[in-house]
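There are two complexes below, and they share chain A, which is joined by chain B in the first and by chain C in the second.
Let's look at the complex of A and B:
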């Protein structure tokens, strides 16, 4: 499927070159830093939560095209979602990138499907999932800070 | 076999010079002993060393005289890597992501095991499966084949050993990181890849993250044995830090109706010397090389392929692209040799150089040597220059200078990027864009 290949390639490149929500959030409710020392990828995720909903989400950082594109696509995907919806997306994303090659892709993942090919390249799985693990850490950290407020 | 092969042009230029102190036999003995290697391996290492001291190194590699080889050799035994054990908050997400890759590695290893595929470190395989290693080690690259190969053979410290049994198709492209015993990029890396009859496998070497090696020297040897009817695809993506000199000997021995594909992108390192070769030994064997090299400021890339047709109806193809900018240099090499008896050979060679400025240099060294008259060899080459005129023309069409250059360069690299998985092609494109981003004026 050369057309699909091209579409995936273009989407990944577009998001890595012009990442969406690539900024800090000054009044973030939670942030977390993810770092992969093996390849130098580093991402900081910012969250502004409003009554259990992700009102705003952003990231900054540097890394390979896959890690940056994945972070960008992630912020688009979870904005406006509830925490549990975001967690559900993380679970499904995790399933997609660790699936067996050729397994059908969960259509509810929408644009995130452009990273489905990663499951054929175990080395790249960590690049695609770094931002998601960082988001999870930020969401968990929020719970801690909530109790302090 | 090696005696029949043409001398590489790099050997011709300037002849050979003494390597200086170089590695010493005692250090190699201790090293071999510390790894519990069989005697035959020590003898091979010493033979390689002897050749190195007797013949010296090519004049272009005179910088090797300054290297403290004995200091680079570590005589400690092979150990497993321990994954970072720090538990600082910001490494946790990284570890979570890493664990997903690790889980995938374990799944692949399990699958390989069920197919009786052997995929492990060469050093460990040598200790546990010496007979299997002995059958294939140094069969594509003789330890004393040429000085750079001899340097690797004397000092090789690690790398992958891959054996794919007859008829087995490995679905997932294999990478060193998948091995249970993978630690790091070795300065004297040696990969031995064997595809038995009818087997099919893809190996990906390197990543696109900048790779630093403390010794600033990477002398590797890649041996591929493609048994009858097998298919091996070897993808190398090289992005070493700019201080690293990368000297690579790559050879494939290709038997009847087997095929080797060398796909090669070279973006990093200070000096690159890499001329993959295929010895087409069996009737109907085929080989393809598709490569791109980008050389910027302070970089020189000596890069290309050699195809040695030694049997009837063998086919080869070389597609080589060089891109130079900022004073970088490329030498694109191609050599096709048709040995006596190799009738009905077909070969296509296609090279092109793209020069982005006047201070950069692009050379090409094509060679053809024929001992059979019916060989069909097509050669096509070009040197292109990005001119102000062209950029002005593009600007008049609403394309910015930056965008125009980007399109031309990415288009040139496309011979490689469209032959590799999207998940890697995007990294090559990105690296090229980063490279162009800095200092296009």
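Let's look at the complex of A and C:
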């Protein structure tokens, strides 16, 4: 039986109430907007790239606790990483939130592992991955809004 | 607090008719508070559809053999029951569709797009409509050059009737309005709205998706020109809906679907259509669905629609009162239960509706969260989303208590 405490751990609640890197970047080299029309969640991700490395990353927007915490944790996790490292992190993160409940959690994900409980709630996977999809779009400098249906 | 003393329906007896309400969810008693999205089905309805398939499955109309006669009798019998349920003059005023959505599209297409509406004609809606009563009219605007106008709502969730009067002119050809809002619960004064529409020569299209399941409907007293609702929200199966229309207007409406059933004779290059309502029922219809809907109508009629409405007013009053006592919880729509139905949208400070729904889910409570297919209304209230609890004949005050306990849990998590 899925545990609420698992989904709403203190770390997640903390990041949703006090999101890190929750600001705009004035001299951003790329931005992208993500939208989940189902719940009205909207996130804008800002990036400053320095020689292929994510020198700074931030986000603004509104959303549920899961999507906000995920965005906040993501910005902490990818800062200082190369594009391909960030991409690899997203792949492993996505695997974790879509895993079967009880599957071992990838320890290389570090703090991001607090979101592993999302796999018990398949309808919330989109909430947890919205910021990541938006980050990918920003990295690839796609202009259109990312829409998760 | 003591529970209201007024007589409620015998909910335990009603619950016993609904097999799904015997199950648990996540090891908890199922508390189903999402009937505005779709209702649960009593075993009488489930049995009627399976009975059709196991005993007399045959296509309707034109069959020469006994089985086909039986299925036609039951299918047309369901049409009679639906007609009586909404006080239509005749079963020939009842078109079976797949849903409210299809019913409204039939009118927008056949009466608007293919019919009388011309460039510059005005179609008057409201900001509280469900998407299914917005988008079909966009088609008429896009293809015919019709002008769309909308009546706003007051902060208490009622329509701005003085604005309605101001927007209503002799250019208005169609007024389209929901009888009951699926977000605010507001019951609109449709009788008055139709009367004023008729005074300027417009017709009145009524979305009764949230009304037909929950209160007595009298199309003659309302003087509605078209009225749409869905079987699945009123204890019936999915995939069956109803369009009521006045006979002359149904005549003046072109069919959406061409094919079998809807024709009298077909030649190469042209055809003569069948009579109303059959000209709108192209192709093999949802026979089992219609029969199931007929039995759902029987079920509701046995309880009595006045009793259904009375029960839901009590449950809603109790819920609004309980929620009002919770700090940090807001509800939307009229406070007066005589002006609203049992659809209660709410928000909780510091908790996103999605998180509310997830936490309630773990408690076995089903509520909806999001924009409820009413984005223009959400924008009007500047809300990205709400949570929504909705009640029906199988909900009692215990279900409200469970909701209140669940909301407290949400507040604990986000304290």
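In this section, the second predicted complex is superposed on the first by the 133 of 149 C-alpha atoms of A that agree within 3 Å, B and C clash if a C-alpha of one lies under 4 Å from a C-alpha of the other, contacts with A are read in each partner's own complex, and residues count from 1 in each chain.
Following the convention adopted for this analysis, contacts are C-beta pairs under 8 Å (C-beta built on N, C-alpha and C of every residue); 3 or more make two chains touch, one makes a residue touch a chain.
The structure displayed is predicted, hence computed values, not measured ones.
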Thinking of the overlay built on chain A, is A:12 touched by chain B (first), by chain C (second), by both, or by neither? first
In the overlay, answer first, second, both or neither for which of chain B and chain C A:66 touches. both
Which partner reaches more residues of chain A (counting touched residues only), chain B or chain C: B
Does the superposition put A:137 against chain B (first), chain C (second), both, or neither? first
Touching A:122, do we find chain B (first), chain C (second), both, or neither? first
Considering only the touch criterion stated at the top, classify A:105 as touching first (chain B), second (chain C), both, or neither. neither
Just checking: does A:39 make contact with chain B only, chain C only, both, or neither of them? Give me first, second, both or neither. both
Overlapping contact positions on chain A, where the chain C interface meets the chain B interface: 8, 13, 17, 37-41, 64-66, 121, 123-124, 127
Show me the residue ranges of chain B that touch chain A in the complex, using the header's touch definition. 84, 89-94, 96-98, 100-101, 103-105, 107-108, 171-173, 175, 177-178, 204, 207-210, 421-427, 429-430, 433
Using the touch rule from the top, collect the residues of chain C that touch chain A in their complex. 26-27, 350-355, 358-359, 361-362, 369-371, 378, 384-385, 409, 413-414
Help me check something: in the complex, which residues belonging to chain A touch chain B? 5, 8-9, 12-13, 16-17, 32-41, 64-66, 69, 94, 97-98, 101, 117-127, 129-130, 132-134, 136-137
Chain C-facing residues of chain A, complex: 1-2, 4, 7-8, 13, 17, 37-42, 62-66, 121, 123-124, 127
